[in-house]
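Each of the next two complexes has chain A plus one more chain, namely chain B in the first and chain C in the second.
Coming up: the complex of A and B.
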């Protein structure tokens, strides 16, 4: 479905991604895990067209997306939930969510809204509230709802658990599974290895802008390097 | 959009129309009608500028240039071409919108708001100097006088005349223009473009991620804003019937209109009307203080900025919000 092939990204003279290859198949949840500054967010931005790659290509259903700008990609079935939600804080929740359907024909908005509120029913009671006044968890749900309004086939999520309480992390994880159950593929990034790979069908480990490991969620969790560096498990203890 | 439009914008709009109609039956003298007419012209100007300055969040300081372009080009077409002001005002508005497109293309690429402010300010000064130096056509600072007023309109036995000296007719005409512009803007802001403008103001990055081409929207809004301001300039020209480059494109015009927007409430739909009525009216009321007039006017503006930093319309909105307990879970910062 979504393929990233040999993606290089530069910020000025500094290269931050080095020939990154990734793929997301239909119906998959795929995690990108890595430490701070490893380039996880840049991968998502490059996939969405928000940061132009200096090399490589992005393909959606085999079709090259280089010529499609960031503003055109939602029309092709891609949507992104940005890091730290990036809601429109002075607008109502309803207005925020409806704006997510910007790339879709206006006649679809009502149906999409009902579908989204069916997936996230807790939002119904907050529709008239000012988005900036909601709690972090509620804001994350609004951001997800906004992303879903584009009716994406693949949803990119940049640090969806950032700043959330453990209870809210569970809720958002459950929402991601529900969305995935509706046939929406998800590519997300996260620093917590256990959370990332337990939730995903497949995962990638990114370090210093390079993919150094990939596999199924369970394979990633069982990998000695992941265990040692990211889960804090000593090899002897693991045995 | 509640923050921009208020709770019941259509009802507020109808109340304003009702108050306008009430004014028509009150025994107001020509001087009061003149002040109200000027207030409404400045309210149209401020509404147009507010679209970019307040609602879209673009810190442009050169909109008085579009006022001058609309005023002078409409006046020149009517004076030298003998064309009816009923037509020339649209020429002025369209040319001001085109000027907005031309200046908008480079300035919307500038990310730094202080630089946008300086470039647009410089543009206004260039426009002022051009009209000042085209002495053969505009007579420069000596004043372009003899600008024809709007052609009279007859209804059976009754003929309504316009221009300075015909206060009642001019007030009705400018009122109709004001409500037409406000009505159009209200429809625009209540529909998808209004939401899009507010989204761009809040976060260009988020807007782009949703598929909003914010550059094209900003340019379109800038041109529309310039066109509305140009229309107000053209109406002004055929009302006062004399123009000087400094009176329409000078710093005093910039400061007056900026004060109207700030005091009324930048980014609030009804802000320009409140600001225009208060400040245009108070400028006239302060005339009896002679040399101290502008000093007191300045103190009034500064006082308002301290008491109501969100402007008169913002004050009203905050009060409504407190009363209704708007927003939920304000106490919780994270889940």
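Coming up: the complex of A and C.
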């Protein structure tokens, strides 16, 4: 479905991604895990066209996306939930959500809204509220709803658990599974290895802009390097 | 102070303020949406002054037709300035200073161009409206009152577009978070161009309303640009509503100042007030209420 092939990204003279290969198959949840500054967000921005790669290809269903700008990619079935929600803070929740359908035909908006509110029913009572005044967890729901309004086949989520309470992390995880159950593939990034790989079908470990490990969620959790560096489990203890 | 004198002061202040509000709200709209300070904004006002003069006086068109064609042309010029001069610079990472330099250059170019094309003489338009209105012992020409009424209608229309239409919704979304707007598929470039066009139309409307009571000349935009910037700072950078309110406030302060001080002190008082506000409220009087 979504493939990144040999993606290089530069910020000015500095290279931040080095020949990154990733794929997301239909119906999958795929995690990108890595420390701060490893390039996780840049991978998602490059996939969405928000940051132009300096090399490599982004393919959706085998079709090259280089010529599709960021504003066109939602029409091709891609959507992104940006890091720290990035809502339009002085607009209402309703306006925020409906703007997610900007790239879709207007006649679909009502049906999409009902679908989204069916998946996230708690939002109904906040539709008239100002988005910037909601709690972090509620804002994350709005951001997810806005992303879903594009009726994506693949949803990119940049640090969806950032700044959320443990209870809200569970809620958002459950929502991600529900969305995935609706046939939406998800590619998300996260710094917490356990959370990332427990939630995902497959995962990638990114360090200093390079993919150094990939495998199924369970394989990633069981990998000695992941255990040692990211789960804090010592080899002897693991045995 | 007698009641008619106070009323005259208040109405004159509101009339001047309505023009400052028109010019300032355009600058605020552009800054709030694109973070661009357009130093050539005053020249859009000047061009509109000459255009309406050309259509209404030289060609003898009906004033309404001349005004509509002028607004359409000046809106197109605003859009062209954004596409040709500013948009290519926004693609660069260090665009902020380059845009300031480019718009200052454009301002000088347009002023010089106006001198070459229309000469240096000061011109004026005949009154659009005849008659005088009596208000509580005060007699006020309809032409002057019409400035206030039409400016209020135009700003109301602009607010309606911003807050009640899908164009307004995408403009506000882009103003609040350009990358998030891009991510949902909103074409930021098109929004920026539209905002420049709207801003130019507001400046053009100011020029049309002013032309019968002030003179049209190549430098007429400069003082309005400075007042426009003052209004934007007072209103809170990028706040459309703040700029409108600050425009009227500045007009009233100026009108009050000429009641007690010689006219030459008017700008001193206005800019002293601006500096005082910056000291007390560095983000302006209405900060945080951006589009």
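Please note the rule applied: the second predicted complex is superposed on the first by the 239 of 239 C-alpha atoms of A that agree within 3 Å, B and C clash if a C-alpha of one lies under 4 Å from a C-alpha of the other, contacts with A are read in each partner's own complex, and residues count from 1 in each chain.
Operating definition for what follows: a residue touches a chain if its C-beta (ideal position, glycine included) is under 8 Å from a C-beta of that chain, and two chains touch if they have at least 3 such contacts.
Predicted, not measured: the structure shown is a model, and the values here were computed from it.
Because the two structures share chain A, they can be overlaid on it, and in that overlay chain B clashes with chain C. Once chain A of one complex is fitted onto chain A of the other, the partner contacts of A:12 are limited to chain C, with no touch recorded for chain B. By the touch criterion defined above, A:219 lies against neither chain B nor chain C after alignment on the C-alpha atoms of chain A. Of the two partner chains placed around the shared chain by superposition, chain B and chain C are both touched by A:72. Of the two partner chains placed by the overlay, neither chain B nor chain C lies in contact with A:28.
In the superposition on chain A, A:164 contacts chain B only, with no contact to chain C. When both complexes are overlaid on chain A, the residue A:192 reaches neither chain B nor chain C.
Using the contact criterion defined above for the overlaid structures, shared-chain residue A:207 touches neither chain B nor chain C, since it reaches no partner.
When the shared chain is aligned, chain B and chain C each come close enough to touch A:88. Contacts of A:99 after superposition on the shared chain: both chain B and chain C are touched.
Once the two structures are overlaid, the count of chain A residues touched is higher for B than for its counterpart among chain B and chain C. Common to the chain B and chain C interfaces on chain A are residues 48, 50, 70-75, 79-80, 82, 86-91, 95, 99-100, 102-103, 146, 150. Within the complex formed with chain C, the chain A residues making contact are 12, 48, 50, 70-75, 79-80, 82, 86-91, 95, 99-100, 102-103, 146, 150.
Note for the complex: chain B touches chain A at residues 1-3, 192, 195-196, 198-199, 202-203, 205-206, 208-213, 326-330, 332-335.
The residues of chain C lying in touch with chain A in their complex are 93, 169-170, 172-173, 176-177, 179-188, 289-290. Put simply, chain A touches chain B in their complex at residues 48, 50, 69-75, 79-80, 82, 86-92, 95, 98-100, 102-103, 106, 126, 129-130, 133-138, 140, 146, 150, 163-165, 167-168, 171.
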